[in-house]
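Okay, handing you the structure first.
A, B, C and D are the chain letters, set down in written order, and residue numbers restart from 1 in every chain.
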Amino acid sequence: MSKAPDLSMEIAGLKLKNPVLVASGTFGFGMEYCDYFNPSVLGGIMTKGITLEPRPGNPPPRLCETPAGLLNSIGLENPGVDDFLASYLPVMKEKFSTAIIVNIAGSTVEQYAEVSSKLDGVEGIDALEVNISCPNVKEGGMAFGATAQSAAQVVAAIRNETSLPLIVKLSPNVTDIVEIAQAVVDAGADALSLINTLLGMAIDIEKEKPVLGNVFGGLSGPAVKPVAVRAVWQVSQSVDVPVIGMGGITGAEDALEFFMAGASAVAIGTGNFTDPLTAVKTLSGIEEYLTEKGYASIKELIGKAWKGS
Amino acid sequence: MSKAPDLSMEIAGLKLKNPVLVASGTFGFGMEYCDYFNPSVLGGIMTKGITLEPRPGNPPPRLCETPAGLLNSIGLENPGVDDFLASYLPVMKEKFSTAIIVNIAGSTVEQYAEVSSKLDGVEGIDALEVNISCPNVKEGGMAFGATAQSAAQVVAAIRNETSLPLIVKLSPNVTDIVEIAQAVVDAGADALSLINTLLGMAIDIEKEKPVLGNVFGGLSGPAVKPVAVRAVWQVSQSVDVPVIGMGGITGAEDALEFFMAGASAVAIGTGNFTDPLTAVKTLSGIEEYLTEKGYASIKELIGKAWKGS
Amino acid sequence: MGVYEARVISHQKLQESAYLLELHCPEIVEKAQAGQFVHLKCSETLAPLLRRPFSIHKTDAARGSLSIYYAVVGEGTDLLSKVSINEQLSVLGPLGKGFQLTKGKNVVVIGGGMGIAPMLFLAEELSKNDNKITILLGARDKEGLLVKDSFARFTNDLQLATDDGSLGHKGTVVELLKESLQDNPTMLYACGPLPMLKEVKRLSEKEGIPCQLSLEARMACGIGACLGCTCKGKGEKYYPKVCSDGPVFWAEEVDLSE
Amino acid sequence: MGVYEARVISHQKLQESAYLLELHCPEIVEKAQAGQFVHLKCSETLAPLLRRPFSIHKTDAARGSLSIYYAVVGEGTDLLSKVSINEQLSVLGPLGKGFQLTKGKNVVVIGGGMGIAPMLFLAEELSKNDNKITILLGARDKEGLLVKDSFARFTNDLQLATDDGSLGHKGTVVELLKESLQDNPTMLYACGPLPMLKEVKRLSEKEGIPCQLSLEARMACGIGACLGCTCKGKGEKYYPKVCSDGPVFWAEEVDLSE
């Protein structure tokens, strides 16, 4: 009889019981999905992006479905870091026995630093994921992720404020993602998340104007998977820190592509909307695959497509 | 009774009978589609990319279907400019009474210049489309399209060699497509084509290696439409030359999005594969729409979503 | 709430491009409240990617079934219309905040177009609570009012309006409402196209009658997690979520301007 | 060649996940040659995006129909298997370069797995031309050889092989071929999985027997325009296109190494 494969993973000093996470902004603070499954079975939860002040987000409409994809322009609606700490984190801590990774964003380097300092040392927070790649707000995201220099600057400022494992989330909307990856690693990132959404838009031909209230939105879902796999492949070969892969995963086969491309963990985003059980199904599918193929650990698959057999 | 709407369009001095073209690399040299419809009904044909020397292209597999998209790594397989002029152009000239736009590529600025000079003044060629955005060959494409400076350099060199209308085709794989657009217009581009394919890849989880022989491929098809519409919207508002929009068009509704986003013409690429009649159906759908809505000319729709009513 | 594989028990074309679909799903039926909705996967492929929300039109406890009443307007509903009996569909539900029910009141229920869908379940629930119920249904033509008979059981005062006058009053359901207001109702319930809702809201405010509106928005998750299905709120809450703060709102909670 | 809306005349499940689909398309039937294929849209949505190529299994001039024999291996063929009689499918065809027929020769036709599909049409055509035909069909088990009876009409020498020995020779069709070679055939025709084709090619070269192979590749356009469906060529032509230079190639034209 074969032993169950080892699914545990360590990322930036953070021990995950398994490498299947849920992506920021697609899982709220975890509460909504409790009616469908127990999120504690997952490797971790990446929260909605948190900023220093509460934000109302962008005006509606905020969603537009596209072929195999989704445009969103939520615009970082969130309760702000203080209310997050007071009202949301305690519930998460109590309800979930899995890694809680707090996604943060800001409009200035100072704001990123201040949010990080408020989250540093707080019990129940396992890691920070720094969003420098949100295409949905004019300041506080994409602008920082667009050049190696500004990306490094933000990361260095955060690194200064926290000893939490620091995961930096990169944008695919750049000419050279490898350059940016290297810069943020040099600046102190312990791990990288990729990819955030692609900058896109849609036009309502009846109304003769953009569908989204904010004009532009971020494209996610299966449509972007080939771009995400490519980014993981490129970046994981160029840096020495682990990569968390995401973008269009709807099941174990997609997830396996990311591992073989070089990811050490994966996150499910838009896939949660198609089926709230996508993350759990992905997890069990990975386990089955490993068992079937006789792999002892998921670690054997990381980068397999470029490392060879 | 209402008059038939005016579909004619002028782009960079080039008169098109209508604004529906077929995209480079997806329509060969037009011959293959003659069994399905008469390509002369279209506004124009953009040829497969032509280089100075013949090229064998990339090793197979060269195609991988993705959700609502297609990855290709053809790698500019083509007969070379001399054979194109000797064997292909004469047949095209004879068979087609529509604009023939020759797509060109190269590995060095000199090659681009030399191909252009060979095509300059040749009867039957209506315009050049310069591909500085092919993600499928190491040299001769994307590298030039990646920075404003190198893009401008290529365009200036070509401009020097030809008085043909010059359409420059831009890559979406850049941080700031507007910057590049402005640079190539300053360097002499008469019009812009966008977008070329997104850099992507896929992994065969059975074989544990990349699906494509060339590892990376270019992503096209409906999946990329939101990125293409966004690029057209951004660029058409920032330059004074016409924009030819493409990326995921499968019918008139998609095409209308591009016009309203600012395109003066559209091209059908991957859509030809789903249905060889996509281009003609798109054309007739646009005509119907204009008639129904009482527009006298397609020109009224260009940029409507940002110009307002 | 949960996600279920629900078997299609019956599927009936009612009128040109509108269907009645009955799904076996006792778990949802048990908990469902009038005004709530289900979130349905219309295909097994990625086209379309997202689920589609549909109001619960009625429930049948004995059969363990719920019905939705839907119009074919695009890809998802077109695929849905081709689903056969005994096929399974993935259903989330019951979702959202339903109508707040009243007891012993004089209520007007207004449904316009496909906004008729949630009103049958509502009428049934209201009829259990000793209310005096006026039901106003409007549609483009009489084809759009084929479900009217199911409503008759729950009221003595069913009034119909069609744009083309092919059935009932020739004109809008809002015109019927204006007349009904003379009867001094104490609660309005409305679902329908935006222009109708705006008028109902305006009238309710003018007359000072409490009013509940069921709104629509494009949805992704359907359960309050993605923050995508917002409408415009009033007061403190900038952007209420239609899927979890609604779909039913008090008229004064929302700003219906575009 | 053209694009047609073809009506489904019959659709039959033959074995676990393999089907026989008959399409009414007289325009294609009229021109079709053995070894050619059709390019089929398996769904009306964008999932999957591309058409799927299938060999012409047989044609029926009287009914104006062609049949394809296909296995469900993924999304496209799965959707195809759910298509009902009288539905319309968009079909391109006939496409590609078919088999070069012989006259008065001693030929061996080898089909392995779903590579059996094009061989029925070929066998019929060869049988018209006074050839001595040996047909070798191989599959995993006897289920995979359910179409064998249709072949019997065109030959006196039908040999079967199954991996599990449930029908005919226990082993591969290549083993049958090795024996048949003692009969000094003058032409080999083969279609099947790559390892089988490699072996057939090797044997044909060793024995110096002309050999035609039908290859597969992922296709987009199906008509020679996209340059996507290449295989490896030998000699001048680097990358022949399976859809238009093939799918049938002379064994010496192609390099089957991966």
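Assume contacts are C-beta pairs under 8 Å (C-beta built on N, C-alpha and C of every residue); 3 or more make two chains touch, one makes a residue touch a chain.
What you are looking at is a predicted structure, and each value in this text was computed from that prediction instead of being measured.
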Going by the average position of its CA atoms, which chain sits the greatest distance from subunit B? C
Cα centroid separation, subunit A vs subunit B, in Å, comes to 34
Between subunit A and subunit C, centroid-to-centroid distance (C-alpha), Å: 36
Subunit C and subunit D, separation of their C-alpha mean positions in angstrom: 54
Set of subunit D residues in contact with two or more other chains: 46-48
For subunit B, which residues are shared contacts with two or more other chains? 64, 67-69, 221-222
Pick one for the touching-chains graph, please: line, ring, star, complete, other. complete
Any idea which subunit B residues touch subunit C in the complex? 67-68
Residue numbers on subunit D that touch subunit B, as the complex places them: 1-3, 41, 46-51, 90, 92, 217-232, 238-239, 244
Spell out the residues on subunit D that touch subunit C in their complex, using ranges where they run on. 43, 45-48, 75, 79
Subunit C contact footprint on subunit A (complex, rising order): 25-28, 32-33, 35-36, 48, 56-57, 59-65, 67-70, 72, 74, 77, 221-222, 250, 270, 272-277
Mind listing the subunit B positions that touch subunit A in their complex? 64, 66-69, 71, 146-147, 173-176, 198-203, 205, 208-210, 215-217, 219, 221-227, 229-230, 233, 248, 253, 256-257, 260-261, 304-305, 308-309
